[in-house]
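Chain lettering (A, B, C and D) follows the sequence in which the chains are written, and residue indices restart at 1 in each chain.
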Amino acid sequence: MTIKAAVVGATGYAGAELVRLLACHPNVEITGLSSTSFAGQTIDEIYPSFKKCTLPTLTDMDTAIAGADVVFAALPHGLSEPLAKQCAAAGSLLIDLGADFRLESEEEYEAWYKKSFDEPELHDGAVYALPELFRDRIRDAKIVANPGCYPTAAALGLAPALKAGLVKSEHVIIDAKSGVTGAGRSLTQNTHYPETNETISAYKVGSHRHTPEIEQSLSHMAGAPVKVTFVPHLLPVNRGIEETIYVPLAEGVTMEQVRTAYEAFYKDEPFVRIERDGISAQIRNITRSNFCDISLHLDKRCGMLIVCSCIDNMVKGAAGQAIQNMNLRFGLDETTGLDTLPAGF
Amino acid sequence: MTIKAAVVGATGYAGAELVRLLACHPNVEITGLSSTSFAGQTIDEIYPSFKKCTLPTLTDMDTAIAGADVVFAALPHGLSEPLAKQCAAAGSLLIDLGADFRLESEEEYEAWYKKSFDEPELHDGAVYALPELFRDRIRDAKIVANPGCYPTAAALGLAPALKAGLVKSEHVIIDAKSGVTGAGRSLTQNTHYPETNETISAYKVGSHRHTPEIEQSLSHMAGAPVKVTFVPHLLPVNRGIEETIYVPLAEGVTMEQVRTAYEAFYKDEPFVRIERDGISAQIRNITRSNFCDISLHLDKRCGMLIVCSCIDNMVKGAAGQAIQNMNLRFGLDETTGLDTLPAGF
Amino acid sequence: MTIKAAVVGATGYAGAELVRLLACHPNVEITGLSSTSFAGQTIDEIYPSFKKCTLPTLTDMDTAIAGADVVFAALPHGLSEPLAKQCAAAGSLLIDLGADFRLESEEEYEAWYKKSFDEPELHDGAVYALPELFRDRIRDAKIVANPGCYPTAAALGLAPALKAGLVKSEHVIIDAKSGVTGAGRSLTQNTHYPETNETISAYKVGSHRHTPEIEQSLSHMAGAPVKVTFVPHLLPVNRGIEETIYVPLAEGVTMEQVRTAYEAFYKDEPFVRIERDGISAQIRNITRSNFCDISLHLDKRCGMLIVCSCIDNMVKGAAGQAIQNMNLRFGLDETTGLDTLPAGF
Amino acid sequence: MTIKAAVVGATGYAGAELVRLLACHPNVEITGLSSTSFAGQTIDEIYPSFKKCTLPTLTDMDTAIAGADVVFAALPHGLSEPLAKQCAAAGSLLIDLGADFRLESEEEYEAWYKKSFDEPELHDGAVYALPELFRDRIRDAKIVANPGCYPTAAALGLAPALKAGLVKSEHVIIDAKSGVTGAGRSLTQNTHYPETNETISAYKVGSHRHTPEIEQSLSHMAGAPVKVTFVPHLLPVNRGIEETIYVPLAEGVTMEQVRTAYEAFYKDEPFVRIERDGISAQIRNITRSNFCDISLHLDKRCGMLIVCSCIDNMVKGAAGQAIQNMNLRFGLDETTGLDTLPAGF
C-alpha cells in the first residue's frame, strides 16, 4: 500500500519531524509540503539535514494537499478548522497536530483558547487520538486530533492507576520538564541559547493550555472528574519530556498491585515500557523514538505514588504519534516506520 | 580582623568552592588545606583554575587545622564528629558542611543514616545554621551545622508561608532539580557526560537523606509537624538547584497576603530576593552567588500555592552559606566576601 | 537474504551502536552478543533504551561468534588479531572496529602502538575499508578494517582535492572537535559531566594515534607522502565530529575548480553531501546518520583552502560505516539499514 | 579614589557584564547607564540577576554620561566616533569596546568595515589597549580602544614567540571557538537553543572582521607583517574562547626555549598563566575571570608550534579588560575589582 501524504506547515519543528519520519516510511509517498514563509524553496534550504532526500518543493497549502490521502497539519492553533472542511470535501483524512479538535467540551475550549468552535459538526467526527487509550474509536475517526506532548506523557503515565482505581484521583500534581524544541522554531529571548543553557525555569505556572486536555483524558480514565495542577519547565535539552506525577495511593493499595496493573495494561503495547523496579524513566532512553517510558515509585511515608513518564516531545508527543495514528487508521501495523531503537547516548 | 581558616577536604567540589571564596575574602587568611587523596600536592595541580593564587600546600588533616580560628569540614558523612572533638579541644570553631550535626533528633538520624550520635554532648552545642531563619542561635553556636543544599532552598522557599499560617502545612510536595556538581567530583556512570547530557532523571525518589532535614526546618516554621514528599532530579547543568514546591493555600488566603508575607519576612535579608509577579525564579539568575531567588505562583483552579526557589548548590547551598555563617559568628557583615553579582548569562 | 551477525564487545558505546543499528537492519539477524563485564545479563539491563527489543543474552566471545556469518569487533586495541584467526578458521567475516588492521605499514604500527603484527599473513587479506575511497578492494576483503572516526572525516574531506592535485599536499593541518561518546563508556575525570560541560580542550596534541591512519589515506589520495598536524579537541556534545582542515591551494587553482572536483567525486555517493556555497557543514545536520557533510571555503588573502567535514563519530565514524561495509561485502545496497534522515534539531 | 563611571549600551551582554563587574569595584561609582531599547526601566527588569543591587535607572546616552570620569561604550560598530567627540569635550575618558578605534590603518578599516574615519584627529589619541603588550602607551591614552575578544586571545597567545623570533611568522593559522554570548543578546536562528546545542559550526570563514586586528597586533610583535588565516566557530557553551594556533617553529628552536620565553614574558603579569607541560589550556579554568591561560605544544614530526589560548570573551575579551584598562589609566592596581578566582566547575 502507498499512502499519499501532505504536510501543512512543514518547516516548523513538528512539520519537519513529520517529513523526517514520513520520508523513511515504507508505505508513504510525500506528495505535498506547504510553508507560509518559505513557499518556493526546497526544504533542505531551511533544513540542510534533509539534503539528498528527494522531497516536493514547498508550496502554498492548497497545492500541497491536492490529491493527498492524508493531510498532516502542524499549524498554529485556530487554523485547522477551515482546513478540516477542505479535507472533508476532498475526501482526505486530516491528522491535526494542533489543539483545535482535542477538547470535547466547547466550553473548556472557549475558556482556555478564547475561541468557540466554528464548525461544530466537524467536531463530532473528530477523535482524540491517543492509540493506547482510545484505539477503537480512532479506527473510524473522520478527523484525527493528535494529542499534545504533555498530555500524552501524563495520560499514559496515569491511565492504569486511574482505570483500576488504585489512586485518589480528585487531584493530581504534574511537574513537567520539556526540551526546547517544544517551544518551536520561532525566536524568543527565553530560547536564546545563553539564556536557556545552564538553567531551568517554570513557565505558564498553573495556566498552560494543555491542562484541560490532561484533565479530559485523566477524567475519562478515572470515570470521574480529575483536577490537575500542572507546572511545565523549560529544560536545557533539545528533545524530550519528563513528567513527575504525584498522586496519593488509595487506602490499602500496595506497589505490587500498582506494578501489576501497569504491566497488564500495557502488555501488548509496542510503544510503552515500564522500567524495572529502582530505575527511573529518563529522557535519554526514548529520544528520537516513539516510546513512552514509565517508572513507578512510592513515597511510603506519605502514601504517595510517584510516576515518572518520558516521551520525545517531537515523536510520541507529535509527529511519531501522528504516524502511529495514520498506521492505525489505514490498517497498517502501528509500528511501521517507527521502529528505530533509541541509543541512550 | 584576620580570621585564620582551614579547609578539611579541600579537593572535593564543596572544599574547592570554599577555597575559591575564602581566597578572596578580605578578612580571611587560609592557613591550612587538607586532602586525603592529594596530600603533598598543591591544589592548582588538581584545579588549574587556581593557578597564580598563593595557597598552602595540601596536607593531612591534623597539620591543616593547626592554629586555625575556624575549620570548614567538607567530608563524607560520619567523619565530622571526631573532628568536632578535636576542634573543641583546640578552641577553633567547626563549620561542618556534612550532615553529622544537622538533625536534632538522634532517632531520625539513625533512621536515615544508620548510625547513632557518637558524641551526644557535642550535639547540644551544634546549631542548624540557616541564618535567615535561625540567626540568633547561630551567634552562640559551638558547632555550626551548615545546611544541605536542597533543605536550604526548601526552607527559604516555604518559611514565610508556614510562619504566617497561610498554607495547609501537613503535607508538602517538593520537586527538586539539581546541577551535577551536587553529585560531587567522584566518577559515576550517572555523571558520565554522555549519560547526563540531554536528559533528566529522578533519583532516590522518596528516599533522599535531605528529607528529614527539610521536614525539621519546615516543622519549626509551621510550629507543627510537616511531612514532605521530596523527589530530586539530576539536571544537565553544572550548578544550581530549582525547587518547585506545591502546598495548598489555607482557606480564604489570597496571593496578595502571600506576597506581602514573603516581602515582609525577607525585607532586610541581603541574600533572598522575591521575583516580580509573573517572573519565575530560575537558576541562571543566581549562579555563582549566595542569593536565593523565590517566585510565587497560584494555581487558582486547585487552590494550590506554587513556590519556585533557586540557589547555587555550591554557594548558598554549601560554601557561600558556610562563609555567611562564619561572618555572622565572627561579627562581620554577613555579605563580606559574598557580594559578587550573578551575570544571568 | 539474512545475515547472521555477532557483536563482540557489545556493551561499549560502539558495540551498543552496532546493536542499535543491526537490530533494525532488514537483512540481519543478531545471533550473538559478547561482553566481558556483563556476560549473563541482557543488554537492556545496561542500556534500558533497548527494552522491548528481543536480543540474545550477553555471553563470552566464543559463544557469541559461533555460527555467525559476520563478526563485528569493538574491542580495545590489540585484541583483534587472535579473533581474526578464529573467524578465518570458522569462515566468518571479521569487521574490525579497532585499529589492529588499519595501518599497512608494520613500522608505523609499531611506532604508534608499541606492538608488532602478530599474524602478518592475516594483514595481507585485510582492507582499509573506507567505501567511498576503496570500494573495489573491500568487495574481496578477508578482513574488513573499519576506519577510525577522525580519519574518516579527514579522508573524505580532502580526497577530491588531493586526487585532483588542487592543493599543496605536503602538509595539512586538521583541527578536530569530537563529541564525548568518542571517549567511550569508561569513566574518566575528563568526561565527568561538570568538567566536560561548558568548556573545550585539546588533547593528545600532535600525538593522537589516528595521525598515521590519516596520513596513510591522504598519501594514497595524493599519490605522494602527506604529513599531517592533527589536534583533536573534546567538545561538550554527545555525538559528532567536526574537522576544520587547512591546506594551501595549488598555484592558480580557483574555488570553482575545487567545488566542481568535489561534486564530481561524490556524485554517486549516497552518504557524502557537499554544502551549498556559504553554508558551513555542522554536526547537527548529520547526527545519528551515516552522512558525511563537507563544506568548502577559501581564505583568499592567504590562498588557503579550508574544508569543514562532519560525521557522527558513532555512525559513519564507527558502527554505521561497519554496516555499510557489511552491505557492500554481502552484495546489498550500501544504504540498507542506514537510511534514516537526521533531524537537524 | 572614587571614579564616576557611565556605561553606554548597558543592556547588551558586554554592557551588562560591565555593570556586573563595576558594581563590585571598590573605587567605582556607577553614575549612568544608557539603553536605546529600555530607557526608563531599571536594569533588573531586563536582568533579574541584578536585583538588590542599587543602580541608576536606564536613560538616554546624553543623560547617562553627564558628569562621568569614564565612559564605557558597548555600542554597535560605527557609533563610537561621535561619542568620542562628546567625551573629549566633557573631559571624560572614553573606553570603547567597539571596533571604531582599534585599527591604526584607515585603509584596513575601510576594507573591512566599509567606512572611513570620520574624525581622524581623534584616532591620533586612541591607543589599542592590550595592557600586557602596550601598557606604556595606554597610560597616556586619550581614547582607550579596548581589544576584541578573539584578538586578545590571539595576541597574548603568540606575542612571546613572535617577539623572540622563535617562529616563522609570515603566516599563522588560528582555529577559534567561542561561546554563544560572543554573538550578543539579539535573537538569530544560529543562536536559537535547539540549533546551537549539540553542534559546532564555523562561521565567517576567512572573512571575520577581527582578522585585521589580529594581524595588526601580531605584526607589531613580530616587527614584520604577519598574515593570519582565522576561522571562528560557534561553540555550545555560554562563555569562553579557545584558540588553537598553528605556527611553524623557526629553524633549530626547541620547546625549552619557547617555554622559557613565555614564562619570562609573562612573569609579572597578574592575568596571564602558562599551563604546566602536558596540560591544555581550557575554558573552564578561566570562566568569569580576567585570566588568559596559555598552553604550549609541539608537533615534533612537522616542526609545528601549537598554542592553546583561552579567555572569557565577556571578561578578558570585553568588560574585564576594559576595567583593567581603567585601573591602569587611573593609577589603580590593575587587578582591582578583577580578583575573583575561577572555579573550574
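One rule holds in what follows: a residue touches a chain if its C-beta (ideal position, glycine included) is under 8 Å from a C-beta of that chain, and two chains touch if they have at least 3 such contacts.
Keep in mind that what you see is a predicted model, and the values were worked out from it rather than measured.
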Far-end chain from subunit B, centres as C-alpha averages: C
Selected pair, greater C-beta contact count between A-B and B-C: A-B
Which listed pair, A-C, B-C or C-D, duplicates the contacts of A-D in over half of its pairs: B-C
Intercentroid distance (Cα basis), subunit B paired with subunit A, Å: 39
Inter-centroid spacing, subunit D versus subunit B (mean Cα positions, whole Å): 36
Rounded Å distance between subunit B and subunit C, as computed from the means of their C-alpha atoms: 46
Overlap residues in subunit C, where contacts from two or more other chains coincide: 13, 181, 185, 194, 197-198, 236-239, 284-285, 344-345
Subunit A-touching residues of subunit D, taken from the complex the two chains share: 13, 179-181, 185, 187-189, 191-194, 196-198, 236-238
Contact footprint of subunit C on subunit D as seen in their complex: 171, 173, 175, 177, 194-195, 197-203, 205-206, 211, 227-231, 233, 235-240, 242, 244, 246, 280-284, 287, 295, 297-302, 304, 306, 308, 344-345
Sites on subunit D touched by subunit B in the complex: 13, 16-17, 20, 23-24, 45, 47-53, 181, 185, 198, 238-239, 270, 273, 275-276, 279, 284-286, 288-289, 291, 293, 314, 339-345
